[in-house]
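Letters A, B, C and D mark the chains in the order given here, with residues in each chain numbered from 1 onward.
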């Protein structure tokens, strides 16, 4: 199998994992799916690195493994343990309609990127569409879930989509930009975690339903 | 005049110019402001510590002048809104009262909405001409396409009409004018609202000319409606200043009748006829400025002396405040359109304008509005007379209806001087009607294309080709009336010899007359209230308060008023709907982060589909 | 000098960390330095020529200069006002005495990030800077650890992070489009290089990229319908932070959108991106109307007004033309000045009354004459009443709109109608707040020091700006207009 | 100048002199129609002479307005009498005032009297004033519209020119529009002169009176002046009716005056008979029914205008 084909397959797998995430209501399971998603992303990075031979793609691979596959899920699981949460109760949409909508969103993503001609990118057919789809599905996750932690999961799904798009750009983004993005992501997640804890401490819950005092 | 290059936008230089129309209005502003300022010098003593002649007042007067000398749209809007804001600041002088704040808000919002409509008209003219200069608009007017011209006209009419107090966009006026200090009411009612007329004249005669006939018909309808409803509402008031405020609505209607006739005549290409209507309108602008400022100052003097503006608590002031009463009487007679004062002169011209316009109209539907407008003007005049018989008769004559009124003291010299100047102007403008009309020649010629012929001391409504129009020589009529009035007692004495006069109590069926027996303001207006009840929709409310069960009546409370038709069915309905819609739309911000994310997602999906 | 400008807030932040006792002084010194350097840097750009600095990392043109000027002005005002403001909060017991130090650190860091946004040439780094503003200001928004503040900060963080992620996707797509055209990969994210070669960029790709960036940075800029975080954050942040968010942060985010707009204009041509700006601008104005008409909180009232005004600026850029772009730049400046002044006034009022609920605020004109007058006149100004400067800029946009294409005319009609309705709503509330009789049990007045400098000065500037602009600013807005028109490389 | 003054004095003297007589004539005719003997036609002169010689009584509450009102009233109506061409053309003050000036002078008179009604603080005076101005408000639009209808045919509001134009036309002056306008003006004159069905000039019943209410506090000479001026107003209105609708026979030169006088007298007699007939054949209306009558007058005037416009 050639590099592009592998990336295509991995991209579709990523989309499948994202849809699985939509269908999953257990929080720990969601985080694990996220970790698997990130691992698949790391594989994409590795494939691109192998195929292009660019040394700094290996750096991207390493960063992905370190941050996305290990660090972020660990932080999230720790927070989960800290606040003793197990399941996403009462999502705003039933699993079935959420799935239907995420499929619809994926179609929009494929539609929007279908005609695009990516001159400088890694010659993968679906990667860009999938990355856009991941972003939209991530948004949907944030929309339908009530727990603050689920929203972080949705956000990381979005980030994964973007990272996928970044990976298949030839040789990735310039390194300094990438490092900046990584650092920012790290700080962002950290700040969000801080707020998650503060909210939990203040409201005794991570259910964002209580965060509806500010209206009009 | 444009040596200063001010203006914040590129290519937009503040510019000034003074043309005959602007000069006429500037003269009105300066003249009336002068008298009002003299009055305010004394009037301010009643409210120590209030900056009655402070910065807001000065800015107000200056910005009114700015409006009429502005040479381009931007300068105009600056001056225009400065005028509105300054007058707003003056209106809310007593801002601790809820009624004052609410009046101030209504005024501010309506005037700002009006400014927006005016801005809309300016934007359309800008789109059509690529310029903001008034001179260029006037030059380009004949080439304006009809749809744009009509849109500009309508926007300008409603926008400027709001400032003028034209029905149905008048509702701010009877709220704001009574609550302002009286010298401010005098300037607002006397001068500021006339600048709305100024704007209408500019829009209709200069920047969009010449328009179709329906413009004139529309202005006539609005004028007649404002005049009749304005005076009817005025009759229903007991608050002297509110009554005067409604009379401003009425007089704006009269001015619009003249302007409408002129518009109609001009659309038919009869500039000689248009000149009569326009002269009538301009003349009435000056006249109303003079007598309305006089009356508001009189009301202020009464308010200061008695602590009330409620007619039901006044009375007998002709003896307590003889000079104020006499000056108020001059104003009352002038506004009632009685010869030989100025109100009669301009109303007479308006009648003539309506008549000749109706006579010259090419079709029945164009002839009837001015002629029926003439009849409605007559109705207005007669009702105004009724209203001022009420205002003066109940307010100044008879017995005092309250202790404060019974102990009222004559107002100060500065106040009287201010009022006397304007009272003299009422007489002078009436007797000098013919020279005034000649002086209005340049302004009418600039707008209507021709001016009324100068006729020495006699006013001739005699356009070329009409053999026997009317003519009027008020000085001679005045001489005749005065001479004959003086001759009557002399002749009676000559014929029947001297007689003696005895002074006795008024006959009141055998009891000593009490203020309670007097005809009240409410009772005075009752026949008219009943006759026109379909128009003014009076409401009344009688509360019988019992004592000891239902056998003994302790007190009967009677309240009467007028259903606020426009407020209720137009503005209240509109604002209620707006607020209800706003409350509904506020669900957008429902506090749910998920909903917010959904908006974001929806925007993204929409753009993705759109970008495709 | 540019590097010095960037260093000033960073050093101040370090100073605050290092000297906990003198944090307020360090922050104030940093703010003064930022103000002076910001002026100097900005003034250098208004001549109309663009230049690179700092080894090509910094690209300076008039548009950057305007944003630097706004950030420096508003940032300095916010930072200089903060010590007195926080001292009161500490005195009231709202916050523990140890906390202000962190406030200054985050404040200076967010100033640094906001200054970096307009200076960085690299679109990727610009993204990083924008994201950094979110993180730092989120901490400031949630500074009062009350429930409402936390809620506001959380929503702000989540929405803006989601938005900024979408923007990153747009950056990536831009990179895709560029990397093929520009051989040097570092140059592929250089805005100036991209602008110069915009005509060669793939239009389809740039269309998508602009859509993503518009939604992404638009969230941060407060364009409807992504504005929903804004009233919460502005309402709950400490008043100087509200001023900073409204005046500086929104301008920074809009700046980012405008940079991509220029790329899209070059690549796609036609009016694609301009029409989208018109659409979102008009939508923002319309969305603000109901919330201004029916409102219960003074700062939220001003926050919705910010949504409106960012919409107006976007609309102005969408309208385009020399007059429209000049007016848009003018309006961005006016809004920053007026809104930061109003938020500072609202802060002082809120501290005195102990609430920001409109129903309980009354008699401000008597109780606090300076704040009352500024509140009333400033509201008139921001609501677009002549003779204040915002009227001039709004009229300029409307004039340009009416002279433009049908979509611009339609948007201008929305502009005029919307501003009138908002005027009615804002004045209704503010008249009640200022002119009603003051409550008897009000705490005694202790005016904040230098009140006139923060309140009266900007008001006077707005008043003069409606009639006359100093040549400095005329040149500035003209140069910004030229940049936005695309006439400088 | 002297000649013009003499002519003016002559017309004024004539109208003042015949005014009580006209009223006496109407009263006599009315009485005869109702089967009574009625007063002598010259009875009004006797009453006026009596009043003018009597001492007067003034209310302690009254101000100078009460004293001035009769003079202004009389002065305004006497001036109006100089605006109407009675026997010759042009009217003495013809070039100085037209039909609208006439309406204005009547308004001035009404204003003075209505204020006087409120001056003594009595309920009856206020009631009279209130009703007087209300009825006048309804009458005036019809009058002005009717005058407009006439003016549409004759060219303007100048009464002398109107009379001249119509007189020159002869019988051709009678048109449908003219007749409708005539009917309208007739109704208005009934209201303006305080006649049945609007007011009853013969009653002093407080609750129904209009004009008399305002005069209630007057006595002696001022009352005499007011009554005479009111009678003059009636005559002037008759003269207006004649000049605007059937001025045939009016003198254009000095030689035609005797013939004109005969014609004028005959027309006045016809009017007196008409008034007597009208007053005898109907009852006074309730005051709140008056608007319907005035509305009818207004409609007639409107129809007159429309007819004139359509037929022109």
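By definition in this document, a contact is a pair of C-beta atoms (placed from the backbone, for glycine too) under 8 Å apart; a residue touches a chain by one contact, two chains touch by 3 or more.
In this text, all values refer to a predicted model and were calculated from it rather than measured experimentally.
**Q** Can you list every chain in contact with both chain B and chain D?
**A** Of all the chains present, none is in contact with both chain B and chain D.
**Q** Any idea whether A-B or B-C has more C-beta pairs in contact?
**A** Result of the comparison of A-B and B-C: B-C.
**Q** How many angstrom lie between the CA centroids of chain C and chain D, rounded to a whole number?
**A** Distance between chain centres, rounded to whole Å: 78 Å.
**Q** Just how far, in Å, is the C-alpha centre of chain B from the one of chain A?
**A** 69
**Q** Distance from the CA centroid of chain B to that of chain C, rounded to the nearest Å?
**A** The computed centroid separation for chain B versus chain C comes out at 45 Å.
**Q** Starting from the mean Cα coordinates of chain A and chain C, work out the distance between those two points in Å.
**A** Result: the chain centres lie 31 Å from each other.
**Q** I need the residues of chain D touching at least two other chains; which ones are they?
**A** none
**Q** Two-or-more-chain contact residues of chain B, please, as numbers and ranges.
**A** 586, 589, 593, 597, 600, 604, 608, 611, in rising order.
**Q** Among all residues of chain C, which ones touch two or more of the remaining chains?
**A** 154-155, 158, 162, 166, 208, 231, 291, 294
**Q** Looking at the whole structure, which two-chain pairs count as touching?
**A** After working through each pair, the chains in contact turn out to be A-B, A-C, B-C, B-D.
**Q** Going by the contact rule set out above, which residues of chain C touch chain B in the complex?
**A** It comes out as residues 154-155, 158-159, 162-163, 166, 207-208, 210-212, 214-215, 218-219, 225-226, 228-229, 231, 276, 287, 289-291, 293-294, 322-323, 326-327, 330, 365, 380, 383, 385-387, 389, 391-393, 395-396, 398-399, 402-403, 409, 412, 416-417, 419-421, 423-424, 427-428, 431-432, 435-437, 465-469, 474, 478.
**Q** Touching residues of chain B toward chain D in the complex: what are they?
**A** Within the complex, chain B contacts chain D at residues 315-316, 318-319, 333, 336-339, 344, 348, 351-352, 355, 358-359, 364, 367-368, 371-372, 374-379, 381-383, 385-386, 388-390, 392-394, 397-399, 458, 461-462, 466-473, 476-477, 480-486, 488-489, 492, 495-497, 499-508, 513, 515, 517-519, 523-528, 530-531.
**Q** Give every residue of chain B touching chain C within the complex, in rising order.
**A** Per the stated touch rule, the residues are 6-12, 14, 74, 77-78, 80-82, 85, 92, 95-96, 98, 101, 104-105, 108-109, 112-113, 115-116, 119-120, 123-124, 126-127, 130, 132, 578-579, 581-586, 588-589, 593, 595-597, 599-600, 602-604, 607-608, 610-611.
**Q** Using the touch definition up top, name the residues of chain A that touch chain B in the complex.
**A** 92, 105, 108-109, 111-112, 115, 132, 136, 139-140, 142-146, 151, 208, 211-216
**Q** Which of the residues in chain D come into contact with chain B in the complex?
**A** Per the touch definition, chain D meets chain B at residues 49, 52-65, 70-72, 74-76, 78-79, 82, 93, 95-101, 103-105, 107-108, 110-111, 114-115, 117-123, 125-127, 129-131, 133-145, 148, 151-152, 154-158, 161-162, 164-165, 216-217, 220-221, 224-225, 287-288, 290-291, 298, 301-302, 305-306, 309-310.
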